[in-house]
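Shared between the two complexes below is chain A, which has chain B as its partner in the first and chain C in the second.
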Partner chain A sequence: MAQTLVTEPFPISRIANRYLIFDVNIISHIRREHNICGVLIGTIPNLSQQNVFLGIPMQLMPEETRLLVEHGHAYIVEDADAHKTGFMEMSREDRLAFLRQMDKQGVEMALDAKRRAADKQEKVLKEKGLERKIQEKNLRRTDITPNPATGETSVGPSDEKSLSDSMPPSPTVGSARGQKVAPYFITPTTSHPPLPTPPLSPAAELPKVPHTYPLFRHLQSKGYFSTPGLRFGCHYTAYPGDPLRFHSHFLATGLDWDEEFELLDIVGGGRLGTGVKKAYLIGGEDPEAKASGKEDGSDPVRAFSIEWAGL
Partner chain B sequence: MADYDENLSHLRGPSAADIDLDDETQDFRFLSNLPTHDVKDLTLPKRGDKDFESHATSLQLSTLEASRQAMHNALSWPRIHTQKTHLLATYHPESNMAYVKKAKTQHFQTLGHFKAGKNWLLPEEALFMIERGSMDCRWPVQVEEGRTDIIVYDGQEENERGVPMSLQGAYAAFIGFEGGVGGKLTLEMYTVYAGLKRAGFIVFRAGDWDDERLPIQYNEQDARDGDKVKSGNWAFGFVAEIWRRLSRKETEVPADRLKCGPLLGSGLYRSYADIYRLLQVIPTRDRNAPPELILPPDCSNPFRITFDVYKTAGAGKFKKSTRGPPDYRIAVVNARETPVPTMAQLNDLLATTPYDPPNPNGNLYQKLRHGSRNVILAVVDNGIPSYIRVGDTPFTDEKLYKRLGRGPPRGKKSGRGRGRGRGG
Partner chain C sequence: MSHDMAADVAVSMPDPLPNDRPSNQITNGVERNEDVNEPKPQIPRPKRPNFAQIHAKPLPLDVYPLPAFIPHNPLSLVRIAIALISQSFWPPSSQTVIHTGYFSKETQSVHVTDAQSIRALWEQGFFGKGSLSRSEPRWLDQEKRKRGLVASLTSEEATRLRREERRQFKLERARKEREAIEQQLREEGKPYPAIQDEEVSVESDLDKSQDSQLQASDERTEGVSPIPTSDSCVVADDNLRRELEEGKDISTQIAEEICQPDIQNQEHLQLTPEEAFFLAHATGALQVYRNNSVVPSSYLLRLFCTYSTFPFSEKAEAYMDTIYRLTELHGRNSIDFSETGAMAPDNPFILRYVVYLHFRSLGWVVRPGVKFAVDYLLYNRGPVFAHAEFAVIIIPSYSHQYWTETSERKAEVDKRQNRGWWWLHRINRVQTQVQKTLVLVYVEVPPPLDEEHRMFHKLNVGDVLQSYKVREFVVRRWTPNRNRD
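Coming up: the complex of A and B.
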């Protein structure tokens, strides 16, 4: 499957103050281009009895969202508002048009599934050496399968008819054509279409981020991927590359520049990190360097990694 | 284990049993071997081999590319409903719920409630059903004046169908519109709900989330004693009671001696137990007394039991109307907004769980771990839940001095100590 190009800036949905992405192309895009991997929190259909592989939507940390917005890659959309106006007040014409479109897709999918089932059956029969049965099958199949051209023309009139009656299309439009396929119903993943791509609103405020944001930004600028780190008792687990391929290197904890902390935290973090083959990392932003660094472009964040030497 | 790192544990990989597949991102290439729509005999993949360093080889790059492609494909799987499995639901904006008229799947044994001819689904139930691809939810149809929304489908009169709700629309509605109806379901709660459902548990809301707090559960001492006599041998209980009365000597240290000692007066002691009992000067809470340190009822208390969770064992007999006490009680906490609970908050939370003493014949450590009341905190950090079990452990109920002389000596026959050796 070819990658679909994503045009920047792309929308990020804000739902109840959480940041979510529903478009699979954007999910792949930010992984490749911006080393941001978010957290997949959704259930993959057909794989709904396991927690190892999760799917759409992807939840972004406020830090990740802010970084994408600050750099102009993305903008935030209030999804609840968009859906309230878009669907709750949808006009009858738009609704019928969208339903027809979904129905058409459903017929195509049903036909596709049928074709694949037939192919599979043919293959099995061939393996068993039952050529004669295939021929019988083929004879019957030519009766059923419409060639694409006639399929097209028969969609036309039925559409016309439902338009003139201003009735929604019947779900059994397939059987009316004598094809013996009932259209599948589809639950789309995103709401675009039928909703228009939401307009860019630069006035929207940036997401609120915790005081660990400078460390996150620093790691990200060095090419690290970060995921939420509560499971390892830190703020972020930092990966040297895509977590699909690499083990994480650091358990990163963000601190303020002059913040006092317990020496025992280093022992705890260091031991935990070493135990799971990672290094404990602390870092913070120097406010003075930040002020002066604006001119020379240097990074005001410093980070230290701590590892048990195991001597 | 104390000597864990002396083993240079970091040079070895963790043992297979320690690996939690959920802990790290898994390689989606395992999924690409599966046919898209036929995953009936699916087994979970083993942990993949990942790299520690980037070495910019073509092999590594192409493997990564393959993983990304597999992930992209898996995430693109469509949610389709055939005519046979089509479960039609309609969104109800006034309550932020969805209803189903014809419930024709097994799912309704463990979710929804039936009211006025319709099966009503709570927001989390509806969202999960849509997300797993088992339900086709439609936006409600705005009926214009002078028109009827009744229409004929397949020769049956039905309400006109709305536009299918996309997954994005479902999140926007069931999570995003929630603020309009009281804002009880948060994304964190839904994440925990969906995770538990995927793991096969049966999950219900604890209480109806409208009350300020769940009822305090008092420990009914009488009922417990009654059970004891019934379950044990009556004669044995009687003798034990007499023995307990005979052997009880002075259990209280007089106040003046508590002040300047000695704790043990001169006298004749027949057993060490009497002496230890006198040495115990730190008062402990009586677990049969009503819970103390309870906070005033407050809707905004972040620590309250969110879900009642049932194991699936015997799910065939599970009845949602009479479901009995849950196996686990889970309180969902947002790691980014809620600090570590205070003593009073924990006490308050535990007071709403029932008194649940451990099996008295169990192993000491099991009993201590079980506690007399317990609750599971699901702490969600941006979509990743961690489950922490909090128990109220009655240490003073497990008298170590009473264990002496019971059973075989340690380490010989009992098999304890086998697990020690050179650290996990």
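Coming up: the complex of A and C.
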């Protein structure tokens, strides 16, 4: 069912040089079809120090984005520009409809908050065995006229306080007690229901990728899943299948074809890899083979895996 | 404190096998256990040799401290006076033995072949590495043990034994797991898959060839014909294990049977260029020979610098030869370096030696750290006493303004001193695994030397070394879950 929801090519938003996907369906689609996992980076808004169980949006590595774009599965949308132009060019009717929609949502939310506050209060009073007060309060709610009895003065202010807490711009106490409440001001979290999905622009350039991209592409073409490997000191950790099912097999480090590197790197990588039951893998792209392989379609990337024999 | 200890101990221990005593003590220990009537006779651990005595000297030098001054004994003043006067008239030499070595450019090391020098350099400061051993030159001991002669257990053998035990443990654990699964399947009444039988037989073959003791008790292996274990290495391992269990009786028997009394020691000591230069220049306890004559330390510095860059240029080698011939002509101490190419101030050898000298002079035992992907490992007293505490990585630092004057120089320098986060994470994680603390040592590289030194026609090693500065920077992995206060 989810497959039908995603139409390729799908947009990838580019915001502050990050490539982000906001749609859950696309996220599961690329994971299933294109072996791309990305990294979920979204936190709960009021828990910004959250660092586990993150949610959408999903951030893609430039390599992943480039691969998707090169294969025609996706296209890049400059999100800031799309947002601005989209709202500037909106017709008046659409804008008003959108504002009305927002107002409606605000009223609904305010009512909902009020009802929940009342429920909570009722529950607390019930726990304390003060049903009489609940009845009195209900009575008072039905008669709109306030009852200046001595027993209720203690209840009255706290009631008012809780209501005014939950809705900051309460104009008068009388109106707050009735069904009419001031609507919440909604800050919309998505811009895509009002805005249409931005169109494919052919002029958009490919994302800039580091020099390790050929190795990434090579691993991806062999059916490996790759995730960023900074914690293992490598560029990518390569999984033979979905990372939820498998441990990674390789710590992949991309190098240029003629790049010089220290032998100590091999020692360190091999030792670290074997210590965590993986193999250290280095690979690079042969520029000559790349030039000649354009015709016969052979892969110009070669990779070598290294294991520490003494551990 | 260490000086006093050095004064008490004899010069060096010429006996290459100081560890004969422990083997005798094993049998003593067993007897004593029986006398006390302990319930289960356990194999006593072979007693370690007295490392504090063997390695009493931190460097291959002799020191002559003044006698102690005792305030209530005025005669002690006389002893001090006598020592002062005699030492000022006949100054004692710190180097009672001067070791000899020669540079081998193929292995990039200085070879020491004299058996006494090898022992002395290892015991007094842990210099060098046996060419056929992991670190301490113990090839002869290992060979003797292989032939069944009495010698103490070498660290290589201990490691091999430990790995073998671990492998056996893993095989055993796998077998138990498999049997548990089998049992479970049998209880559930499911047929046991036929493919796994084959696996079991293959596994049991493995068991059999590796371990003859398991073989007897293991009933599953009855149907399978035993694989002959004639491999000498396996035999040696079996010997080893039996020796550990039953003492040394069998090994002496074999010794009588084989009886090959003299084994030629085919091992020599390899000193890294830094160690050799430290011994030759800083302590004077080593002389490096070339064509039967000693080379001075300024030539040695040039030589090591030339060979520390890869690939060596043919031109540089030719230069080194001409310099050497000039030295022969003009005498030892005046060498004209004006003809040689400029020596880069960030030459890998100089950077490494500066750091080596820095930590050696602070009292650390500095050993190469290739196995942990670092430049040096720092031991508190030495590798026989405790594990290394710190792992040192050398990073050149170009903060002198000379290095940023032109843009191409700046680009070159950036390329040399910048390394990626991936590199740091990798190194740091390797050190965390082996519980060492990572120290990034930044060596401040001065502007090129040769512009100034060309005028003097002489390269003063002390002046060169003084122009370098060293900064230490300790890195530790910080995980919020574990390091929360």
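Rule of thumb we're sticking to: the second predicted complex is superposed on the first by the 194 of 311 C-alpha atoms of A that agree within 3 Å, B and C clash if a C-alpha of one lies under 4 Å from a C-alpha of the other, contacts with A are read in each partner's own complex, and residues count from 1 in each chain.
Heads up, the rule we're going with is that a residue touches a chain if its C-beta (ideal position, glycine included) is under 8 Å from a C-beta of that chain, and two chains touch if they have at least 3 such contacts.
In this text the structure is predicted, and so the values were computed from the model without any measurement.
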Original post:
Just chain B (first), just chain C (second), both, or neither: which does A:Thr253 touch?
Top reply: second
Original post:
After superposition on the shared chain, which partner residues are touched by A:Val301: those of chain B (first), chain C (second), both, or neither?
Top reply: neither
Original post:
Per the overlay, which chain contacts more chain A residues, chain B or chain C?
Top reply: B
Original post:
Thinking of the overlay built on chain A, is A:Gly269 touched by chain B (first), by chain C (second), by both, or by neither?
Top reply: second
Original post:
Which partner does A:Val107 contact after superposing on A: first (chain B), second (chain C), both, neither?
Top reply: neither
Subject >> Partner chain(s) touched by A:Thr190 [first = chain B, second = chain C, both, neither] >> reply: first
Original post:
With the two structures laid over each other on chain A, which partner does A:Cys234 touch: chain B (first), chain C (second), both, or neither?
Top reply: second
**OP:** Could you tell me if A:Val77 is touching chain B, chain C, both of them or neither one (first, second, both, neither)?
**Re:** neither
Subject >> Which of chain B and chain C A:Cys37 touches, first, second, both or neither >> reply: first
**OP:** Using the touch definition from the top, say if A:Pro57 reaches chain B (first), chain C (second), both or neither.
**Re:** first
Original post:
Is there a shared patch on chain A that both chain B and chain C touch, and which residues make it up?
Top reply: 229-231, 271, 275
Original post:
What residues of chain C sit close enough to touch chain A in their complex?
Top reply: 370-375, 421-430, 433
Subject >> Complex contact set, residues of chain A against chain C >> reply: 229-235, 253, 264-265, 267-269, 271-272, 275
Subject >> Residues on chain A engaged by chain B in the complex (per definition of touch) >> reply: 1, 3, 13, 15-16, 18, 20, 22, 24, 27-28, 31-32, 37-53, 55-57, 59, 61, 79-80, 82-84, 87-90, 92, 95, 98-99, 102, 106, 109-110, 113, 167-168, 170-172, 182-191, 194, 210, 227-231, 240-249, 271, 274-277, 308, 310
Original post:
Which of the residues in chain B come into contact with chain A in the complex?
Top reply: 4-5, 8-11, 14, 21-28, 30-31, 36-37, 39, 42, 44-45, 50-54, 60, 63-64, 67-69, 71-83, 86, 93, 128, 130-134, 136-137, 139-142, 144, 151, 153-154, 160-169, 171-173, 175-179, 183, 186-187, 191, 194-195, 198-200, 335-336, 379, 381-384, 386
